[in-house]
Amino acid sequence: MDYAAIVVLEILYMIAFLALISAGLAIVFGMMRVINLAHGEFVMVGGYATIAAAKAGINVYFAMLVISPIVVGVIGLVVERLIVRFLYGRMIDIMLATWGLGLLLTGIITLIFGNTPVSVPTPIPGYRVGHYQMGGYNLFVIAVAAVLIGSMWFALRYTRVGLVARGAMQGREVVSALGYNPSTIYMLTFTVGAALSGLAGGVMAPLTGLLPSIGGAYIAKAFITVITGGAAVIAGTLTTAAVFGTVDQIVSFASTPVLGEIAMLALALVLLRLMPQGVTGKFFRNST
Amino acid sequence: MTGAAFGIGRIRWNWLVAAAILLAALPLVYETYTPTLLAIWALFALSLALMWGYAGILSFGHAAYFGLGAYAYAIASFNVGESTVPFLLAIIVPAIVAAIIGAMMFYGRISDVYLGVMTLVVTLILNRFMNATAGDAYRIGNARLGGFNGIPAFPTLNVPGDPNMQVYGTAYYFVVIVCLIGAYLICRWILASGFGRVLIGIRENELRMELLGYNVPAYKTAIFTVSGAMAGLSGCLFANWAEIVTPTVFSLGQTAEVLIWVIVGGLGTLVGPMIAAVVLGMLKLALGTQTLIDNSLILGAILILVVLLIPRGFAPTFAAWRRRLAQVQVHRRQARGTRRRRVALQEASQ
Amino acid sequence: MSEPVVETHELAVRFGGVLAVDHVNFTLRERELRCLIGPNGAGKSTFFKSIIGQIRGANFAGRVLIRGQDVSGWSTHQIVRLGIGIKTQVPSVMNGLTVAENLWLSARRTAGPEGADTVVEEILAELELGGIARRLVGELAHGQRQLVEIGTVLANKPWLVLLDEPAAGLTNVETERLIGIIKRINRDATLIVVDHDMHFVRALDSLITVFHQGAILIEGRAEKVLSDPNVREVYLGSRA
């Protein structure tokens, strides 16, 4: 019974993790069909921002929930103005340019922080479930992810901003028709996406030793979660995060974490092959 | 339609011979250790340049086949006494995997972005898998896979038939150069053939080619396989140069580098990416010895700038400049010819 | 009565909740010139696509037969290899290649690499494209590109030619030329032409099939069909 609870908690955590690191990419991809391959590095920079701030004495929660999003949001804004906005519509070129951006950011962070891992301790103590010791911080991650996805869904469905955003998902003309400047909307979208990536990085920072190269790990998982999810931002990402998270953890428990990850990647291949438009291209067609 | 057509010029044999002579003479004035590596990278770049530039297939995980070639050689050479079979396996295994993955993608009508994602995922799977194979349990025959430490000290290339005659140093440099030139000639041959032209047509408009009756997925799978085989060859040559094979051959970094070489060198040319691989390779090696400027930083900046400013890479710009120069020369020659004829007529009429 | 070369039996194509082609039974005979007309959304383009294998899978029911061969579910290139030339609604040519290269790729499949050059010369002459043979198709005007596409369609010597809106975007002069070309093609080949342009359709003076809401409303010779009150209502919305 305890073991079952552990498994459930771990699955929930994995789903939350995937949803959290994918949120920023999902917004940018869902709304602008932009595949930002520097997304992993945005997450990484968010992590470093939190760690640097925490080490400078700032409250770690403030660092991860406020400072990281702002720092990475600003970076996203600069990137959009200087690079991305010239490449809209050229999907492959955007992928290449953002891949270069990712390398650039990795290089810069290496310059500033060096190549040895940095970390902060998790601010929430562990707790017991039966015979097992669980990390308490994981619950916080689950909570943050739930609140984030929930607010995104609410915003998209019930606010004016969300309406414009959903219009943008249909195309530039819809944005103009609604009376807004598409370029401005796209700029804001990319910034918000970056900020969310930074938030994810900040929240995840206490859990791992951070290295400049860690972006690669994040981008892979976020990438496949978002692309397999398909056009619907929330429903898609949530669905695939749920599917992948479950598969990953179950296989991990049954064998090793590496096999769990490989199972998830292999499943992604199969899903992409069977549903090239993503899960929400086939099911849940009209969801947000 | 023979000779120059479909945007592919004739082979300039003088240039090729000159290059071959220069490459052959290099060992007389310089060491061969670094040039061997650069030539291997040029071969790797060539494999992607062929597939991406001419068939329009962009793989975000071409390092998968590079790595498979390297590992296939290392594993096979531990199990077979002699290097000829491992060498062949290093080409065949990546080719087979490429054929399977390619067929799966192309017959499923996957293209563009989704193709990029799937090819990326394949490389990631290989990377993760190889990184985790530490320990005695993971072995194929006599070869321990070694996890993230990789496979060291495997028997390197020997003269076919004589396991005791190792091929290394300058001799190995010549092997690599021969492979490179041979691969280049094969690419040119493909491009001059009907098969190559159909691929170019597919790159231009897949639907129209299908409407003309061509089995597009079959063609794409075929070129993907050829490209994978070539990448595998370069991986095998790399393994023999490095004398160790680690999972970094499957890394995102490796796959990013080959993409950058092709895009900087010129999408749609063969020579451009090869030269870019050499130049950027030298840059990377030069930077590697100091820690002030990180290689990623430079590479990243280059990639961004190239995509923004010169989306088709450098080679087409040079080619266009040369074409303009050639046109000027043609005009001058025509003008001279006209003047001579006019003078001759005047003289004849006097 | 000549042989039927294209037949559909209870052909139905469904998109989501919409039945775009509603159990259509269609017959086309050898050497016919048939026009498919109908207002927007009538299903003619979908019908066209389902004959050439561009609609696959679960959406598709019924049978398509070409010269007696059941091609339902075949992929496009397999159907084309039966000897069919297809021009799509949106011009589909290789923009980065020259006119001659476009034609060559088409001719090569049936004439082989040796014979292809001759066929290219023939087509260039027949369609009067000789002057622009070395121009990149992407740089040509729309009317010329339509013509090049028709050239690629003809270059592999099809016995059945399917043209989807060949007159779209053409000037009057170009349309006249197209009519002449179509009539010449019809001397040896069977044709289906889908179009909106009534003058064009009238000038072709062929058998007409009128589509409405996914089904065939009426079929017959031009004068009869075009003066039919039902057809007028469907197009103009009133019994005028």
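As written, the chain order gives the labels A, B and C, with residue 1 at the start of each chain.
By definition in this document, contacts are C-beta pairs under 8 Å (C-beta built on N, C-alpha and C of every residue); 3 or more make two chains touch, one makes a residue touch a chain.
A quick note: this is a predicted structure, and the numbers were derived from the prediction, not measured.
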item: Touch-based graph of the chains, sorted into line, ring, star, complete or other; value: line
item: Most extensive contact between chains (C-beta pair count); value: A-B
item: Most remote chain, CA-based centroid, reference being subunit A; value: C
item: Centre-to-centre distance between subunit B and subunit A (centres being mean Cα positions), rounded to whole Å; value: 34
item: Distance between the centres, which are taken as Cα means, of subunit C and subunit B, whole angstrom; value: 42
item: Between subunit A and subunit C, centroid-to-centroid distance (C-alpha), Å; value: 48
item: Multi-partner residues of subunit B (each touching 2 or more other chains); value: none
item: Complex contact set, residues of subunit A against subunit B; value: 35, 83, 86-87, 91-93, 95-97, 99-108, 110-111, 216, 220, 223-224, 227, 256, 258-259, 261-262, 265-266, 268-269, 272-273, 276
item: Subunit B to subunit C touching residues, read off their complex; value: 1, 5-7, 194, 197-198, 200-201, 203-205, 207-216
item: Residues of subunit B defined as touching subunit A within the complex; value: 58, 60, 104-105, 108-110, 112-114, 116-118, 120-122, 124-125, 128-129, 131-132, 252, 256, 259-260, 263, 293-304, 307-308, 311
item: Residues on subunit C engaged by subunit B in the complex (per definition of touch); value: 52, 76-77, 80-81, 86, 88, 92-97, 100-101, 104-106, 108-109, 113, 116-117, 120, 149, 152, 156
